[in-house]
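In what follows, chain A forms one complex with chain B and a second complex with chain C.
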Partner chain A sequence: MSPAEVLTAAAPLLWAALAELLGERAGVLNIGIEGVMLIGCLTAALAATPLGPWWGLAAAAAAGCLANVLFALVIASGADQVVAGTGMVLVGAGLTGAIFRSLQARGFSGALVPTLPWGPLELGALALVGAVWWFLQGTRAGLVVRACGENPAAVAAAGQNPVAVRVAVLAVAGALVGVGGAALVLRASGSFVEGMTAGRGFLALALVLLGRWRPLPIAVATVLLGAATGFQFHLQGLGLAGVPYQLLLALPYALTLAVLALVPPSRIGGPAALGKTYRRQR
Partner chain B sequence: MRRWLLAVAVIAGAGLIVVLAVGADPWRALAAAVASSVGSPDAVQETFAKTTPLLWCGLAVALAFRAGVWNIGAEGQLLAGATAATAVVLAVPVGPWSAPLGLLAGGLAGAAWAGIAAVLRLWRGVNEVLSTILLNLIAVAGVSWAVHGPLQEAAGTYPQSDAIPRAAWLWRPFPPGRAHLGFLLALAAAGLLTLALRRTGWGLEIRASGDAPETARVCGIRVERVQAGALVLSGLLAGLGGAVELTGVTHRLFERFSPGWGYSGIAVALLGGLQPGATAVAATLFGGLAAASGGLQRVAGVPTVATLLIQGLVIVVLAAGRRR
Partner chain C sequence: MDGMRRLALVLVVLVVAAFAVWGCRRQAVQESFKVALVTPGPVSDAGWNAAAYAGLKRIEKDLDAQTAHFEASSPAEFEESFRDFARRGFALVFGHGFELQDAAMAIGAEFPHTDFVITSGLATRPNVAGLVFRLEQAAYLAGVLAGKVSTSGVAGAVGGMEIPPVRLVFDGFRKGFLAARPDGKVKEVYLGNWEDVAAARQATLSLIDQGADVIIHNADAAGLGVFQACRERGVLAFGTNGDQSSVAPDVVLASAAMDIPEAMVRIAREVKAGRFTGTVHTFDLASGVVKLATNPTLAARVPKQAWDAVAAARKDIVSGRIELEHFGP
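This part shows the complex of A and B:
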């Protein structure tokens, strides 16, 4: 596998993981990105088929943004993040599944989506690593976002509105997750298949934890995992006897679980208010 | 009461939108939904058959959430249970012990699958939300491997296991309807769980660990251990759900054995306010929805996967509507 192919395999995960990182640094644990990513996939396929891949990309970003804003508003009302996120996973799977199957009945196959050339999505993901790092560490807005992840009440006391900050961050993150979904359709496969994210949103969550909430380590872990996933396809291609294909599918998840078990993520480094419900005090 | 009204409103509203979106006649769709869920004795039985795995998973989720552990892994635990039940029933000589042995194996396998997450949480501090989700994905791949490999039918044609012998089937009181003993067992489990949570010291520890972990710790409750135990027991319940579905309804293992019951169990438990009794009512409501979706697909061309959307919306709306 060439480095270019590894990047193509890793790009969807990288977009999603960096999006999850932004949300988590603002204090929001978003399990729902698995569902949001699926929505991005289907939207990309639907828009790209008649309009071309660039419109597919734009539409996927818009749809991801919209879906994540819905999640953000639910969170803002005081909902538990884990529960609402799980709901979003089901909404994403059910919505894309139902729409896709009804369209299939009317002749939309989801195959033959026009694709993008190598480059924009892969290099864009790499550029995003730097951009997220710069935003979080080098800008005043990034400081406010991080503060929301550590102590939203203090942010409120300083005159800012942490709920609004979280909604804004999740809106941007949703667009990035949508792009990640689009990267799966418009680069890797050129088609839409039901449930095609196959747990990538969840892997993004694990990657944020493994990279301890820092963009560069997250990127390194993601590229390594992307290489492992690509290696798995490579093994299948070689027709390596004795290793059943179905077990190879479990490889990225088993690997992630093993790494989580071997490298216990210390509490230090994680945003203090991560996952905690915050509602505006009146 | 507000919870139930919200849930029914979401089901009706989202259901109507889906029906209109696929271009079906709403009245015909409604008639089909009613007919296939409560319209005849067999339809009612189908509702109870669909309720059964939902109730086992709902109880599993309710127990874990009450203890303050986010078990998102009922899906994987159910699959582990179904796989173990298949393997054991097919491996041991046929007899009256076949079904009980299958259920035992299923429960233990579910507990063991959850046990991985419990051990990782207790010893390594691994977040159970992540580990249980990853275990779900691994379990799906594991079932797929099993039915292509060691458990594949002797004929070797389809990716499915051999049918288990009739002696291992769970009792069906009114065949050909598909309601089976597993439903009654689930109701009994709900009753037991209610008593255990309300009346025993263990139940108090569970509730204290979930509601006020700091206070519980001060009172000498070893919260982490109680939660790990609750996670294992939760896996046992979900595993039993898988074993019961296998011996009661499908009688064989195949890919996509579960249409997402483990995840639906979260909706069921939340609607039931994490109370076992109310969870049984919620499971019946969603069981009716699942039975109705079968009829909706046949008559009105509504894809059954739309029920996932509706369940997801119910979770989101209930989460948003919750006031503490």
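This part shows the complex of A and C:
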């Protein structure tokens, strides 16, 4: 499996994981990205089929942004993040399934979706690693975002509105997740199938956690996972006698876990206010 | 006032009685052939359940039957729905999947006047039958064709999970491929699920990297990823279960297909004529229900000698000269 193909396989997950990282550094545990990603997938396929892949990409980003803003507004109203996120997973899976089924009856098969050439989505994901790192560590806005994740009350005391910051961060993150979904459709498969994210949204959550909320370890782990998955398929093809394929399928995850265990902890735990409901003090 | 109320009551009773009499008469007039289908999942899956629903609709049209469908979302609903249909006087109830077999045996014993037919079912009673499709025979023909069109002599097979129906199809394909290419090799890869199209594409690319130039899949919806990889690398693909030529007309050369609606119509016809037998009904190549469905747009590219080999293999399977491992008796 060529490095280019490894990046194609890893790109959807990388977009999603970096989006999740942004949200979590702002203090929002968004477990709903599996649902948002599915919305991005279906939107990409629906827009790309008549209009071309670039419109598919743009539409997926817009749909992801919209879905995440809805989620952000729900948690801004004081709802529990885990409950709202679980709702998002169900809404994303149910909505895309229902819409796809009704369109299927009218002849949209999900096959033969126009694809993008290699490059924009793969290299874009790599560029995003640097961009997220620079934003969080090197800009004033990044500092405010991180402060929202550690102590939103202090941000409010300093005259900023943490709720507004979180909504803005989630809007951007939603667009990135949408792009991840688009990468899955427009690069990695050229098709739409119900439930095609196959757990990548949850995998992104795990990668952020294991990468200890830092872009570079997250990116390394994601690409490693993509490479190991390809290598594992290669081993299956070689037909190693006596090795059950389930074991080979699990190999990439075990390997990623082992590598991430070696990452030195720079901090203990995640952002201090992660997952906590914040309401404005009156 | 009291008289008015009494009059109203009498009127209501009269109306209800009239409806009841009319209803009974209607039922007596329309003592039609009633057929029901219970599926273990949604019929919008463009695959397994959708095929059964299409069969039910054909029975409605071809046999002038009154039909009903129930989507069972849990195993508890298998028996419940069977009992309900039997009580309502349905002559024939299809249970679409091996998992409905136990429920059919239990309810079949309670209601001897309703016939139950279980797809992939092996248990039988006088009023419970099974439908078995010998899809591995069509897969063997796909293997022969693949062996004739392959230049590298390496074929790939991408499966969802290694369950018996998938393994039998791949085994049939391998035997056919090796019959046409004794020096050939078939490489198998499993995804671990049925919907990860991106993984299916990645797995297929890795098989192509290992020299495969013909690919068969049995991965349900994820098969779209297999076709995409074949499209990108200019490799021919083979579909399974249904005729998939229209799904990817540029890469699917042929499909190992079973015509589930046709099998259902044939069984329903037997029930209607009173010739139903509680046995396992096997549909093979000879029945025409299982076949190698070829893609007319790509078939012209294949040399005649390859089609001759497929026709010869078909003859050998039908005559019993070639025997394949299969499901059921």
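One rule holds for everything that comes next: the second predicted complex is superposed on the first by the 246 of 282 C-alpha atoms of A that agree within 3 Å, B and C clash if a C-alpha of one lies under 4 Å from a C-alpha of the other, contacts with A are read in each partner's own complex, and residues count from 1 in each chain.
Please note the rule applied: contacts are C-beta pairs under 8 Å (C-beta built on N, C-alpha and C of every residue); 3 or more make two chains touch, one makes a residue touch a chain.
Given the structure is predicted, the values throughout are model-derived calculations rather than measurements.
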| item | value |
| --- | --- |
| Chain B versus chain C as contact partner of A:111, first or second or both or neither | second |
| In the superposition, chain B vs chain C on chain A residues touched | B |
| First, second, both or neither for A:1, with chain B first and chain C second | second |
| Touching partner for A:9 - first (chain B), second (chain C), both, neither | second |
| First (chain B), second (chain C), both or neither touched by A:184 | second |
| First (chain B), second (chain C), both or neither touched by A:249 | both |
| Touched partner set for A:101, first chain B, second chain C, both or neither | both |
| Which of chain B and chain C A:272 touches, first, second, both or neither | neither |
| Interface residues of chain A shared between complexes with chain B and chain C | 101, 105, 194, 198, 246, 249 |
| Complex contacts: residues of chain B adjacent to chain A | 18, 21-22, 70, 72, 120, 124-127, 129-131, 133-135, 137-138, 141-142, 144-145, 148-149, 260, 263, 266-267, 270, 301-303, 305-316, 319-320, 322-324 |
| Residue numbers on chain A that touch chain B, as the complex places them | 29, 31, 35, 70-71, 73-74, 77-80, 82-84, 86-95, 97-98, 101-102, 105, 194, 198-199, 202, 205-206, 209, 244, 246-247, 249-250, 253-254, 256-257, 260-261, 264-265, 267 |
| Touch list for chain A against partner chain C, complex | 1, 5, 9, 12, 101, 104-105, 109-112, 115, 184, 188-191, 193-196, 198, 229-230, 233-234, 236-239, 245-246, 249 |
| Residue ranges of chain C in contact with chain A within the complex | 42, 44, 46, 156, 162, 187-193, 195-203, 205-207, 209-210, 212, 221-222, 224-225, 227-228, 231, 247-248 |
